[in-house]
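A, B and C are the chain letters, set down in written order, and residue numbers restart from 1 in every chain.
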Amino acid sequence: MNPLRALVLAFGLGLLVLVLRSPKDPRPAVRYLATGVLVAASAAVVSPFLWLVAAAFKDRSVLNEHVFFPPLGDWSSATLNLDNFRRLFQGDASLTGKVYFSQYVVNSLCVASLSTVLQVLFCSLAGYAFAKYSFAGKGVLLTFMLGTMMIPGVLLFAPVYDMVVGFGFVDSYAALILPGVVTPYGIFLFRQAILSVPNEMLDAGRIDGANEFSIYLKLVMPLVRPLTAAFCLVCFLGSWNAFFGPSVYLHAQQKLTLPVVLNMYLGVYGSDQGVFLAGTLLAIVPPALLFFALEKEFVSGLATGAVKG
Amino acid sequence: MSRFFTIESFPYGKAPFWLLALALVSTLSVVVTQSSSAASRPELVLATFARNHQESYQGIARRFEREHGVRVAVELVHSRALETRLGNALLAGTDVPDLAEIGAGAIAYFTRGPLSDVALHDLTDRIEKEGIRKRLVESRLSLWSSRGRVFALPHDAHPVGLVYRADLVAELGIDVSRIETWDDFVALGPKVVRDLDGDGIVDRYLIDLPMGAAWGVQVLLLQRGVSLFDERGNVAFDRPEAVETIAWYLRRIEGKDRVATECGWGQTLMKAMIDGLALFYIAPDWRTHSIMTDVPNAKGKLRVMPLPAWTPGGRRTSTWGGTGLVITKTTRHPELAWKLANALYFDGAELGRRFAATGILPPLADAWSLPAFREPNAFYGGQRVGELFAELARETPPDWATPYKTQAETRLSDVFLRSLEHFRAHGDAGLKDAIRRELRTAREYLETVIGRNVQARR
Amino acid sequence: MKKRLVPYLFIAPYLALTAVFTVYPLANAAVLAFYQTNGPASRTFVGIDNFRFLLGDPSFHKALANTSVFTLASVALVLPLAMGLAVLLHGRQGRAKGFLRLLLFSPNLVGGIFVGILFTVLFTPRYGLMNRTLHALFGWGLEERFLGNPALVMPAIVVTALWVSVGFNMIYFLAALQSVDKTLEEAARIDGANRLQVFRYVTLPSMRHVVGFVLVTTIISSFQLFELPLALLASTDGKGPDNAGLTLITYLYDVGFNTGDLGLGSAIGWIVAALIFAVSLVQLKLSGLTREQA
């Protein structure tokens, strides 16, 4: 009997006991079962991260010997150390001197935050327009937007690359940010959320003499803050973890973003998995921080975006 | 905080405020640190995808710069990105590196159409005139040729041998110098394949072979001289030797004559080596080196030997992959680029150093007599690995490149899997006929696809 | 008068950027589908030959089958699992809830490439965590080559996708659950309905917009599955053994960028878009999401 089977069996026994103790009132048993399921689901979801943490700190020589951490007796600076991190931070050669890990972090932060801020601005503006104004071509545009959501991005890649080179901003962050800065997904989310803002409020604002833009900015946007927060997180995540675009558009070593740099450690002839994983571990930190800060708003925000309509 | 503006009053909310702040700060930082790279384009830009190549090339690039008074940039690009970027750049016509290192399959993309459309310089005449061709292992040019013209300089010879656990093999009383053919090799099976701890699962196999086709069958087919395509780009794997080899292979991975298991890559491969899950591992030159870095604990326990031959006196090596250097037609300094390419690939002393650092054997035969290639390798018990591979390198088989290689590989894997199914269901009965049928179907499909290519006809 | 211009000003950034980065490339791709290109250089007009080829192409059929299976499996598994977890989590309070919510969402914090590499290791025969767990629980699976056996590749991809998307969609459902009108639920309970009936007849219907939204986005993103198989099956360029992992978009990428025939790639892209459009149209009509509220 291996430990995992023993665990499952023990859990089942506990459930049986609860059911037998109070056959008419299922609540304790249900709650116990629910807790068990949640714990199992969380364990299933989290164990890969445990592997990641272990792998980041394992020395290269034992990286392949143990799945998680070595047995306690083997813990020493020879088996667990910061070697991977040291190599991660040692810097890469480039045309203009050494580039360090901190530079890549700043680059990723720059691209992700700029992209998010611009997306919030443009998508909310468009979403507001679609929600609260009627204008010629509105219906057509809405259908068109829905249609473009269905186009696979890879299909457009070659012509877009063409254009980016033509405009001359290949090897710049504009190439990463501009093509995806206004998405139908974002516009729809804001539109759904703003639909529920009462029109009377807008009219009152107009009577008070406010111009359209400040109605948008000062009256409407504060009401959809939860959605904005949620959208920020989604955009930030998407940009932070993007690999394909940056790997093709960015050339100079000092402009590279984290996913691109980390993937270069996984070479064709031999990979430095430990360093890659150490870098991935560090790369989780900013998005995790953002999520922590936004937790409550994130949950309620997504709802307002998707519920109404 | 002033009374007129607080974070709470930012209309979009707290998160967007902080993100805006972050955006401003990081953009400022980026502008400051990256503004120095606004220098003009160097005369020559070389793109490579291997970190250790970049390090080696930087040194040569600096010397080249001094000798010729130009600037050379060596860029490191992720391999997939490099091929995509090169392809797109050529499509767009600008922002193309002058030289690029590409992997074996990538040449296909560029040689798809008419010869006149190939966006890479035709190097055939140059290597003839400057006498380089006869110094190279001729078969290596097959990877980089299309319709008889050579479009890239080969970086490596990539001969294939077997790495094996010498300590375990010695324990079992096996003398590897007696293994000359695959038959000799397979005969060791009963002695080796064992369930060591009695849990019903075999813990020791003879050799590491992949179960899902891919490289295993191909390496063995190449050893026998069967390449996916021939020199002219026709499908060439529909041959009796292929049928035999596939049937042989199937018997090795399944059934009563099974002697092989798949040990995977990376972390799991290394664990298998340490545990002795398989005793023998197919290893090209580059793999012998990556084993040294990834499995330091196996030091002294491993040795290298040539592949067993298919027939007595037959070829004892194969080949696996390769890297090549192309010069794009958009370069403004083709002569300089050619000189740099020569310096990178055919500079004697540097080649010795590179071998010591990467274990990769260059295709330049006269380099092999350098001391670096004769060094005893402490990791492999003092064995002269360089010498061994140099001898094998002369015999590496050709591996002809075409634009349809990846599709052919998929079809081959298709053949393999269907044959495996047949083998599982019916054993040896009708196996060879089944394999023949599958090979024919694969050939017909490929010929349809090749036939569609309107432009190659021009 | 000025007011009439305002909405156009607001959507101006969207219009401008879309015209440049979506409409023009779309037109380009539309035309390209009737050509055959050879990588970097010339192109030849071939009419509908690309489409004719695809109609009879076993690789394309395989990709279509794989993608459809994946979409069906995604919808059939992700939605109930996400809903189930949301319901379970909804009943908790305070810090446990927040902590569990973060844990279950956490796979979305990492990039696609990492997920691919992670699961390649998890699915390793003999040593992988998946294999070992399955063996410990059911006595099967230790030596199974999940990424090398054509029959097991798609299930492996589905499990990997589940790891990421269940957590994300769970958040949507959790939020929707929070905004369900509690008085309606109370009324139903007072009327004698048990918990299951309350859920089925009161809670679920009031969540139908979110469910519809999640359904549409799941279908669209499932049809466009690309980065995950590419990372998971990197050794075969995303195709897997016998094309078992080939999806419509990885086929598009392979044909367009590896082989160099962007014309054929564009043709595939159009077929994919048409398929998604057809499926979504059916789904949207059924749930009336495009109708605007007063």
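Here is the rule we go by: a contact is a pair of C-beta atoms (placed from the backbone, for glycine too) under 8 Å apart; a residue touches a chain by one contact, two chains touch by 3 or more.
Computed from a prediction, not measured in an experiment: that's the story for all the values here.
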item	value
B-C compared against A-C, more contacting pairs	A-C
Most distant chain from chain A by Cα centroid	B
Centre-of-Cα separation between chain C and chain B, whole angstrom	33
Cα-centroid distance, chain A relative to chain C, in whole angstrom	15
For chain C, residues contacting two or more additional chains	121, 127, 257
Contacts with 2+ other chains: residues of chain B	84, 91, 266-268, 271
Sites on chain A at which at least two other chains make contact	158, 263
Touching residues (chain side chain C, partner chain B) in the complex	36, 38-42, 44, 46, 49, 53, 58-59, 121, 124-128, 142-143, 145, 148-150, 235-237, 239, 241-243, 254, 257-261
In the complex with chain B, residue positions of chain A that touch it	60-61, 63-65, 92-93, 95-96, 103, 106-107, 109-110, 113-114, 116-117, 120, 124, 157-158, 161-162, 165-166, 170-171, 173, 217-218, 221-222, 225-226, 228-229, 232-233, 236, 247-248, 251-255, 260, 263-265, 267-271, 273, 290, 293-294, 297
Of all residues in chain C, those that touch chain A in their complex	3-4, 6-8, 10-11, 13-14, 17-18, 20-22, 24-26, 28-29, 84-85, 88-89, 91-92, 98, 100-114, 117-119, 121-122, 127, 129, 132-133, 136-137, 163, 167, 171-172, 174-176, 178-179, 207, 209-210, 213-214, 217, 220, 223-224, 226-227, 248-249, 252-253, 256-257, 262, 265-266, 269-270, 272-273, 276-277, 280, 289-293
Complex contact set, residues of chain A against chain C	2-5, 8, 31, 34, 37-38, 41-42, 44-49, 51-52, 67, 122-123, 125-126, 128-130, 133, 135, 138, 141-143, 146-156, 158-160, 163, 178-179, 181-182, 185, 187, 195-196, 212, 216, 237, 240-244, 259, 263, 266, 276, 280, 283-284, 287-288, 291-292, 295, 298-304, 306-309
List of chain B residues in touch with chain C within their complex	83-84, 87, 90-91, 105, 108-110, 112-114, 117-119, 201, 210-214, 262, 264-268, 271, 277, 403-404, 406-407, 410, 413-414, 417-418, 445, 452-456
